[in-house]
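Got a structure for you, questions after.
Going in written order, the chains are labelled A, B, C and D, and every chain counts its residues from 1.
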Amino acid sequence: MSAATHGSHAGHDHGAAHGHDLPFWRKYVFSVDHKVIGVQYTITALVFLLFGFSLMMIMRYQLAYPGRPLPIVGSWLGPGLVNADRSLSPDGYNVFGAMHGTIMVFLAVVPLVVGGFGNYVVPLQIGAPDMAFPRLNAASYWSYLSGGLVMFASFFMKGGAAQSGWTSYAPLAVISPGQTVWLLGMVLLITSSLLGSVNFIVTIVQLRAPGLSFFRLPFFVWAQFVTAFLLLLAFPPLEAAAILQLMDRIAGTSFFMPTGLVVSGQILPTEALPHTGGGSPLLWQHLFWFLAHPEVYVLILPAMGIVAEVVANNTRKPLWGYRSMVYAIIFLGFMSFIVWAHHMFMTGMGTKLSLFFATTTMIISIPSVVVLTALILSLWGAAMRFNSQFLFALAFLPMFAIGGLTGLPLGLPASDIHLHDTYYVIGHFHYVVAPGTIFAIFAGVYHWYPKVTGRKMSELLGRVHFWPSLICMNVIFLPMLFQGLQGLSRRTYDPLVYDAGQAVQGWHFVSSWGAWILAIAQIPFIINFFWSAVAGKKVSDNPWDATTLEWAAPSPPPHGNFLKSVSVYRDPYVYSPPGRPSDFWPQNQPPED
Amino acid sequence: MMAGGYSLWLPVDVSKHGFEIDRLIYALHILMAVLFVGWGIVFAYCLVRFRQRPGHRADAVVIKAKASKYAEIGVAVFEAVLLLAFAVPVLARVKNQFPSEAESEVVRVVAEQFAWNGHYAGADGVFGRTDPKFIAPDNLIGLDPNDPHGTDDIITVNELHVPVNKPVIVRLSSKDVIHSFAVPALRVKQDVIPGMTIPIWFEAARLGEFDIQCAQLCGNNHFKMRGRIHIDTDAAFAEWKKSKAPGEAPKVSEEDFQL
Amino acid sequence: MVNVKRVAVLCLAAVGVAVSGSDVLAGGPMGTATIKGKAMLSAAKPSMRAIDMGADKACAAMHSKPQYPQGKMVFPDGSIPYAFIYLKDGVTGKYDTPSTPVEIDQQGCMYRPHVFGMIAGQPLLIKNNDDTAHNIHALPKKNAQFNFSQPKKGLENKLEGSKTFTRPEVMVKIKCDVHPWMSAYAGVLSHPFFAVSGKGGEWEIKNVPAGKYTLAIWHEEWGTMEVPIEVADGATVEHTFTYSKAAAQRDVNVREVTVGSGPIARASNP
Amino acid sequence: MSATAEVIPHTVEPHPVTGVYNGKFGMWLFLASEIMLFGALFSSYVLLRVGSAEWPHGYSVLNVPLATVNTMVLITSSVTVVMAWYCLQLNDFGKARLYLLATIGLALVFMVIKYIEYSSKFEHHHYPRTNLFYGLYFTLTGLHGLHVLGGILVFLYFVGPGAGMWKTDPHRYTNRVECAGLYWHFVDLVWIFLFPSIYLL
């Protein structure tokens, strides 16, 4: 960039690189710069997001029109995935279902909010030149990409991709094709997450700019901090579970295989399934959900962080109850480790244990209510600026509210008897992650785009993107709640088989059309994303008149981020301070200014 | 057949305990609606009132919103009430307070990919021994032909009959993977875990024929794992049992041969 | 040279005549000898029940009379159908892989045919003639497994090349996971000298070249037996296989386990 | 002089508040996740063992004397790695290198003994699939063995291609050895839990 940057970076070694005198592939491909890695994460994850969504659109055709041959894509899919008449096969449905879940959670949303936004924004927001371990950061991305490619390649391998659901319950997963590759992919993804989380925690603790105390951290950084701890401590048990299941599959151990199984009329052990038994299918579920429940908060906490940033910036006032929000998410993080078995109420656990987990589940809902209430109260007395990112952040609030509230009937074991494993569950968590987290991701993209590119995205296209997306999200997911109340089991290839399915088949039709229109509604976003990078309106370093440190760096920030060292003098969101003419007071502006 | 249905709420309930579950679901949805509308009103008011416009500046002085604290406390109290007053008693009754076996109809259900095998004890009231080595197309649960208790046992596939107004105990087990025995109309759901026998119980209050669904992904034909449960009068139930009781071994003639 | 007579295995089966593989599958050195005989059971008949198709209305609707498990069928004179008889050892010629597929029909929720022979590499044509979903799950030991669904009537899958059974294996079990009573058995050989016993337990293997062989029989319920046999050109040799209890070796792994059962999950259980 | 150290604070010198440099902090966090990994595996072990009707005593089927020797080998290697770090602090690279080589040697001895143990199990047709006990035995000791192997590679790097850093940035080199030492102690600690729970109980 400028001479100043040049000077401050003289004498780089091979690892940390100059921004300008490196070959293309070192600068943009095998870079160790957190910003390049953040962008790599974002783009890779957006591609996987689209891919995961495409799988679902194919499944939605089968659900809307059971048994009808798939138009166009039917002829692209291999014989295992479609029937002879080119309609989606039951195996194909299960493959797509399992991979949709896996891709969306592990390859799209978490990499976007943590790998993408976390990488790009956290060092900037804390005034650091980079992550604490830049090369580890790159290793994390490449491990993620390898895991993603392994998952993707599994579609083309013998036996196909995994088809036992993203939860991979044993013994089904142990005896089903495609699972070994899935497990190998998971091990790579887990490794990536672990490397990333170590890096985030060290960065946030060690590399904060002078004056940036913990309670002056932007809420987004707090969210990433808690998230990193969840990833650090919750993923290893899944890794352990993956190792054990891998052993079950390739070494023939029986960790998750009980005694006395008769699979397809064959008494185990057989040559193909040499399991002698003695294991416990529930062990897998405990290990899996010990990760996967904190994983839910990994999906939602950074999203809350993004929304908080966008809300504070566009209401032009400080967040209401910043400290209580911070305490709430720390509490949320702790509690998320002792609620996992509420996913297992129907496994026949004793009532005492059920009640323990129901109680912790009710308790964990309180901090979520605190955060949501604080965000809504932050709107009070605001001077709202309705730009695209704020629209998405605003929409996040009621959508997340529906997602959170519908969790209550599932958290109580008695009402869960009727709703467990029905479409109600699907509606519930999709309200949290689709119009919840994914809207937050969109808000983040619109918000930080000028920082990354130096240009703004089109407001008009932003609105054309927002309104149909908001409507379609509800058209897709609200009917699922009705279907669930009727008692329709999830993962049902042909809903018409059941009475419950027939009673709510119309809603499948509605949901499916909602999904396809939602896909069309993403076209303006894709155009906006690429077109604005070259033709968007050029803007200043701080186009949103924001207070946090990332806006003190040039847009795009050079290698090393800041032109001169930054210090922090105040809380993160000093907007509209009384007695000052300007309606924002950046964190790094010295008071005597 | 009512393909294209647009049902909005719970299905018919034919069990004696189901109303308690339904009541809890009602109460929860009312709570959810109250909270959502409450938030929504504040939200909508803010959107209208606090827009950016010339001459309007955000009020950075933090409002003292006692309301939020009350709301949070209210939610916590309400959840506690739901948990203790509604959820706990239902759970205790459904899961723990089993009727005595003598007063109930006991059925074994052996799940497999992709069928529900029913097993009734027959006239002697004792279940025959089972062993995988006897599994055959006419003996899907592997009933031991040498066990005298088993000779009168009734075996069904995807078809259960139970008497109305009498407690029914279902002992669930699985041959292969995890299934989930779900009867929405009876508000019954229980995962079937291989290696375990898990009993559940219910009492039907109305006659009819309803779906048994598998609620846990169990393989490629998971969707096809549909059984029917018939709730019969005592007389009809006895009649059905009699009609299903195995009689003399059938005489096979060459007419029965088809390659 | 692939010289396949356009007589499907099924046509012969329909009239209940014993089926000789060499009659329909040629393509290698053929002889003029005939081996024929019967399959009989001298032991007590097994206990048997009619198949309960209540599971699927579409299945039950296709049958006016009860269906019996084929493996347990014994005719009044003690003869048994569905035995697979083949030349186990001694065949020296090389036989072409026919391109005509073996058809497996799912009809009335039963596999037709229930027992059949084929030459390794021969295509398999699997049809669903039922108004319900079927799942075809092959459980070979030496060949590749397959497991797929045919969720509606009229679907056909042709398995060829590496997808079909490419190695000799007696027998490969095929079953439907949706209708657990449905099963079929394929005897995969490298030559066409096999037969399946039919009415009266009769079977016949034609066009056998002169030589010494081991003749073997397989039956799903009663197990396997072998006998050395020698045939001369133009001769007809007869052999009756009789299963007594002693001869039957059931190919099952005997273990004392209750089906799908384990410790009762809860102490509060009645 | 490494530039990364210039740009990124606390790569070498400790953070004034936390009192550690980045690498050490990161290593502690990594070890926390490792504790969760082995913790989950140990929990699985306990759950499976408690749920089993019968379970062989480790001492009756496994080679306890060999494992005892291995325990001593691993503990000794923990001492040598501390000595290596100590010598680096005293600026004695030659001696430190010897201690590192000793650590590698001991780790290799550990692996060789492990190999002997495994092969005798295979000779007796005891495989992971044999029963749950052997499944856990091979999985847990195998995973631990992979950790030992990883440690060997890291130490080989320090005495081999990575040794150049001693000349350019001795402080950082010392820190690296310290971090690797922390990891090595953890690997040792896991063995100290594994040994009694699998071999002796």
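The definition used in the following text is that contacts are C-beta pairs under 8 Å (C-beta built on N, C-alpha and C of every residue); 3 or more make two chains touch, one makes a residue touch a chain.
Not measured: the values here are computed from a predicted model.
Minimum number of contact steps separating chain B from chain C: 1. Inter-chain contacts peak for the pair A-B, counting C-beta pairs in contact.
Computed from the mean C-alpha positions, the centre of chain A lies at a distance of 52 Å from the centre of chain C. Measuring from the averaged C-alpha position of chain A to that of chain D gives a distance of 34 Å. Separation between the centroids of chain C and chain D, computed from CA atoms only, is 57 Å. Contact with two or more other chains is made by residues 89-91, 258-260, 262, 264-265, 267, 269, 280, 348, 350, 493-494 of chain A.
Of all residues in chain B, those that touch two or more other chains are 95-96, 112-113, 132-133, 135, 142, 175, 193-196, 198, 219-221, 224.
Shared interface positions of chain C, defined as residues touching 2 or more other chains, are 133, 135, 147-149, 151, 177, 180, 183, 252-253, 255, 257-262, 265-266.
Every pair of chains in contact is given here: A-B, A-C, A-D, B-C. Per the touch definition, chain A reaches chain B in the complex via residues 89-91, 94, 97, 163-165, 169, 171-172, 175-176, 258-265, 267, 277, 280-282, 315-318, 320-321, 346-348, 350-351, 354-355, 358-359, 362, 365-366, 369-370, 372-374, 376-377, 379-386, 394, 397-398, 401-402, 405-406, 408-409, 412-415, 417-422, 482, 485-487, 489-500, 502-507, 509, 574-578, 583.
Those residues of chain D that touch chain A in the shared complex are 1-4, 6-11, 15, 18, 22-23, 25-26, 29-30, 32-41, 44, 47-48, 51-52, 127-132, 135-136, 138-139, 143.
Looking at the complex, you find that chain C touches chain B at residues 10, 13-14, 16, 19, 45-56, 65-66, 68-76, 81, 110, 112-116, 133, 135, 147-149, 151, 177-183, 196, 198-200, 221, 250, 252-266, 268-270.
Those residues of chain B that touch chain C in the complex are listed here as 95-96, 98-101, 104, 110-115, 117, 129-133, 135-142, 145, 155-159, 169, 171, 173-175, 193-199, 219-221, 224, 227, 246, 249-254, 256-259. Within the complex formed with chain A, the chain C residues making contact are 133, 135, 137, 139, 141, 145, 147-152, 154-157, 173, 175, 177, 180, 183, 252-253, 255, 257-262, 265-266.
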